[in-house]
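Each of the next two complexes has subunit A plus one more chain, namely subunit B in the first and subunit C in the second.
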Partner chain A sequence: MGVRRLVVVALAVVLLVAPFVFSSYWVGLLTEITILAMLAMSLDILLGYTGLPSLGHASLFGVAAYAVGVFSTTYHMGFWSCVLGGIVVGVLLSAAIGLVVSHVRDVYFLMITLAIGMVLWGLSYRWIPVTGGDNGLSGIPRLEVHAGLPFAGPNTFYYIALAVFATSALAIAILVRSPFGLTLRGIRENEARMKSLGFNTWLHCYLSFIVSGFFASVAGILWAYYNGFVSPTYLDLTASSELFLMVTLGGPSTLIGPVLGAGAIVLLKNVMSAYTARWLLILGIVYIVAILAAPRGVWNLGDRGSG
Partner chain B sequence: MTYLVTQTLNGLFSAALLFLIASGLTLAFGVMKIVNIAHGSFYMLGVYVAYTVIMRTQSLLLGAIAAMLVVGALGFVMQRFFLRRFGNDPLAQMMMTMGFALLFRDAALMIWGGDPFTLQYPGPLRGSLEAGDVVFPLYRLFVIFVAALVGVALWAINEKTLIGARLRATVDDPEMASATGINVARLSGLVFAAGAALAAFGGVMGGPILGGYAGIDFDLLPLAFVVVIIGGMGSLKGALVGSIVVGMIDNFGKALAPELSYFTLFAPMVVVLAVKPTGLYGRA
Partner chain C sequence: MNTIRVVVVALGLIAGIGIVRGQSATDPIKIGFMVPLSGANAQNGRDILNGFVMLLEEAGYQAGGRRIQLIVEDDEGIPAVGLTKARKLVERDQVHMMGGPLLASSAYAIAPYIDSQQIPMVYPVASGDDLTQRRRSKWIVRTGYTSSQPNHPFGEYAYQTMKMRRIATIALDYAFGWESVGGFERTFEEQGGQITKKLWVPLSVHDFGPYLAQLSRDLDGVYALFLGRTALQFMRQYQEYGLKGRVQLIGMGTTTDEHVLPAMGDEATGVVTALHYSGALDTPANRKFAAAYRARFKRVPSYYSESMYTGGKWLLAAIEALNGKVEDRGVLLDAIRKATPSDLPRGPVTIDEYGNPIENIYVRRVDRVNGELQNTVIATLPAVSQFWKYNPAEYLKQPLYAR
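Moving on, here comes the complex of A and B:
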């Protein structure tokens, strides 16, 4: 336990002082990591805490990013309308998908979310008048400018992302320790028993899906502003499974695990792409080795019980 | 009317290809609960292997045989050494197949390069059939016919042979099947390899029309998954019905509203899931 607490404190300190210590390249990477870590945590609500393996999670993230893209470039809407619009679209989409998937479990859930995710990807790719197809949408204004902040630059964006990340992490931590969160874990462990205790398990799964979609949307909005453009790659199967890898590699049903997983994948991706064009090959091998070596995630290594 | 007939035949052609892909996917799921992300890669590797062989020998038949052997062996190795050890953990298995899917795509890019290509039409099937106003390529009819033959053969194996009986027993209840002396591990390997070979065969059949390109693996995968979800996971009959439904809808959807293709698949899937969560012929 001591080692883990130390790791968490060290991480927090590094994240706080990063812009004063590292070059802008690394601050950029850290910004990516905080946004994707938020996304990975939102998946962990489903995958780790509720036991619902979603393989279409990137599509919620991507659709919220597209909403920001469409609202800000096609309709020239203001900052808060874009943010709210992105959240509303993302949450409504989660609510709609949740209706279809909340009564299925396990591997069926996996397959159906995968199919739905790919359908949404197909839509982003082919619905050219709205989404710009393969080219995506570019020209999303910089967040600092769009919001009318007095400061600008990568460090400002980094601190905004970090603040949103910390707030979300806190909210999710409170959520999973709340009675609601405990019920979710109960459903993961033994749904029949929870049902016989009088819990409406369908509703809990449904709400869990929507909450997870909410945090994924927030991450998607930041991601759209960070990159300044949106493209179908945000929501393709590779994105969803990379996200899945972040959570399983780091350690599902912990909140630090997905953060570490996100950090590891982003760093690996950037470092490796500097040396080789065979990135997919290496990522494939990372999947295989990770599953062989730590099927329950790095953060759960040495743990016998479950979190 | 002509339009309707032509589009229906096109839809049947898509259904034929989808059936070849989805039957292996659904069987692997039924027997091993594997959600195989690499199944589209088997299709892709099938086209590429056949391409190499056909360039040398000019024979579609030899290409098909080589593709099925190579990809089937690959599937067997994958199941034997990487998937079997995670027999009771579907998530680990899925991640494993995802890893292989990425590996296969990059390996294919390394070996065959990124240029798209199509396989040659086999000589005698190059023409088209004319009946009244309807002109329909002979080759597409041939593929529909072959897929129907494969369907009949699979049905016969499944219903009339000892292996089929063992297979059905394993799909129903792997533990009981194992207790009655069925070697479930070997059967699983066989089914996985056969499914991979069938997908590769589908790749060769689709090769002259869809061809091969980087990314075809993930283009076909969602369609195959929707087939399996609609038909019911683990059911061959479901794969057949699902293929026809998806083939038709995808084809008419693409013709009528091209920008919404893929999305047109969403509606039937949701309807089926709402009415019968296990799919048309699936069992919970």
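Moving on, here comes the complex of A and C:
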């Protein structure tokens, strides 16, 4: 446990002081990492704690980002309307999809979320009057300006993202340790037993999906503001599977694992591609080695049993 | 088991060292360049990069008395990755100017960032009409073309010279397809022609059968827009379905561009397409370029290869004009816009006030010459503007071409 606590404290310190130490490029990468880490944690609720492997999670994230894009560029709505709009759209969508997917488990869950993710991707690609199609929507105002903050610049955005990330992480951590979270883990381990104990497992899975969708939407809103544009690639299969990798690489049902996974993948991609054109090969080797050496994720190394 | 943890920490440290090392004195002029070098568009991206590398090699990586450092990034053809890479080039490498990307979606995504950072940039290929029309950027000069640009004159050519009256179109279902077909449809129908059917094919298409079955045999022509894998397969199936020889195939230049042409067979002969370049363009400047490119890369130059060879000339000309003093970005941007490179492989080019080239459009027919397929130029439509013969102000009031 000592090593882990040390890593967490070191990470927290690095994240807090980053803008004073690093150049704006690295602060930008850290901003990406915090947003994607939030998204990876939201998937961890499903994948790690409830045992529902979703291959369409990026679509919830992407739809919330699109909501911000449409509300802010087409309808010129204010900051809070955009944020609330993004969350409402994301949560309503999760609630609707959840009705369908909460009945199934394991590989069937994987396939149905994959299919729904593809449908939503197709929608973003083909509903051109609203989404701008392949070209996406650009011209989303900067968050600091849109919110009317007295400060502007990449550092301000970084701290906002970090604050939202920390709050979400805390909320998710409390959630998974609550009786509700324990029930989710029970469903993951043995659903039949949970049912016989009188738990409404369908409802728990459904709520887990919605909660997960909520945090994915929050991340999507930040992502839209951070990039200043939205595009169908936010919710394509590549995005969903990369997200899946972040969680499995880092360690499902640990919360900190997905954060590390997100950080490792973003850093590996961006640092290595600056030095070699063969970076994809290296990334592939890293994935394979990680899965072979740490099948339950890097953060779970050395553990036997409970997650 | 602790080793993996050590590796994670070590990776963090390596990243940290990279951060602290930071910038040294900027002696060379730094040019940032981004295209997809992995993924489905990697070969096209590689062609663009090759052309640029060849230009810089010819210049000895020097201009205006200063050394030039080229920094290449792979944008993977994903807009968000492109933005991250643009940030890296600007904020970490502190490039003076930039070139790229390939895809219009990436181009739209990075444009607001380029404007906010005030980095002069040339777009050699990305052809989304609005990049230099309704959503144009001050800091971006396009040296390529707009999707509709070759198609406006080609629509008239198809009606007047090829005497076509009824045409069906079949094109990839994304902005590049819509804008190209839109431009063609507009001028062709203004002449009096008729587009009987517009078929849209998803980028992930694996079988053209269901689409080809919808094409009537009594048309005067079929207009096709494909590239890469889809162009190869379409051409083959067009022949298999017995359409070749019955209905004249015409289309956008990418359908028979040299990036796929060497992989095609006789099914491609006789296809007529329009673009601002042909590898077989018979001018001294292009003969020289094509021979040098073949010698260097063992490939026929495609329009992608030529794009940044030519686009890079705007950057080099600006550096020369400023004697290497590129630090004032506003002055640099002016110099790029005012540059007038000559002897270009594709022929004369001038940049209009919207930042888009006015250039020749070539009507090309695929022929087999000395055993090799080539795009023989059969007509030159000189000095074509992105607005064709229309008034720019009125043109911009109309909506962008869509499905």
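Please note the rule applied: the second predicted complex is superposed on the first by the 292 of 307 C-alpha atoms of A that agree within 3 Å, B and C clash if a C-alpha of one lies under 4 Å from a C-alpha of the other, contacts with A are read in each partner's own complex, and residues count from 1 in each chain.
Rule of thumb we're sticking to: a residue touches a chain if its C-beta (ideal position, glycine included) is under 8 Å from a C-beta of that chain, and two chains touch if they have at least 3 such contacts.
Owing to the predicted nature of the structure, the values given are computational and were not obtained by experimental measurement.
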First (subunit B), second (subunit C), both or neither touched by A:Y108: first
Touched partner set for A:L280, first subunit B, second subunit C, both or neither: both
Which superposed partner A:E32 touches (first subunit B, second subunit C, both, neither): second
Partner chain(s) touched by A:L237 [first = subunit B, second = subunit C, both, neither]: first
Contacts of A:A294 with subunit B and subunit C, given as first, second, both or neither: second
Which of subunit B and subunit C A:I128 touches, first, second, both or neither: both
First, second, both or neither for A:G136, with subunit B first and subunit C second: second
Which superposed partner A:V3 touches (first subunit B, second subunit C, both, neither): second
Subunit A positions touched by subunit B in one structure and by subunit C in the second: 125-126, 128, 238, 279-280, 290
Subunit B - residues contacting subunit A, complex: 29, 33, 35, 37, 82, 86, 89-92, 94-96, 98-107, 109-110, 218, 221-222, 225-226, 228-229, 233, 258-263, 265-266, 269-270, 273-274, 277-278
Residues on subunit A engaged by subunit C in the complex (per definition of touch): 3, 7, 14, 21-26, 28-29, 32, 125-126, 128, 133-136, 138-139, 227-229, 231, 233-234, 238, 260, 264, 267-268, 270-271, 273-274, 277, 279-280, 290, 293-294, 298, 301-302
Partner subunit A, residues of subunit C touching it in the complex: 1-2, 4-5, 8-9, 11-12, 14-15, 18-19, 22, 37-38, 73-74, 78-80, 83-84, 87-88, 91-92, 104-105, 108-109, 111-113, 128, 135, 173-175, 402-403
Subunit A to subunit B touching residues, read off their complex: 53, 55, 100, 103-104, 106-108, 110-112, 114-116, 118-119, 121-123, 125-129, 236-238, 241, 244-245, 248, 278-281, 283-288, 290-292, 295
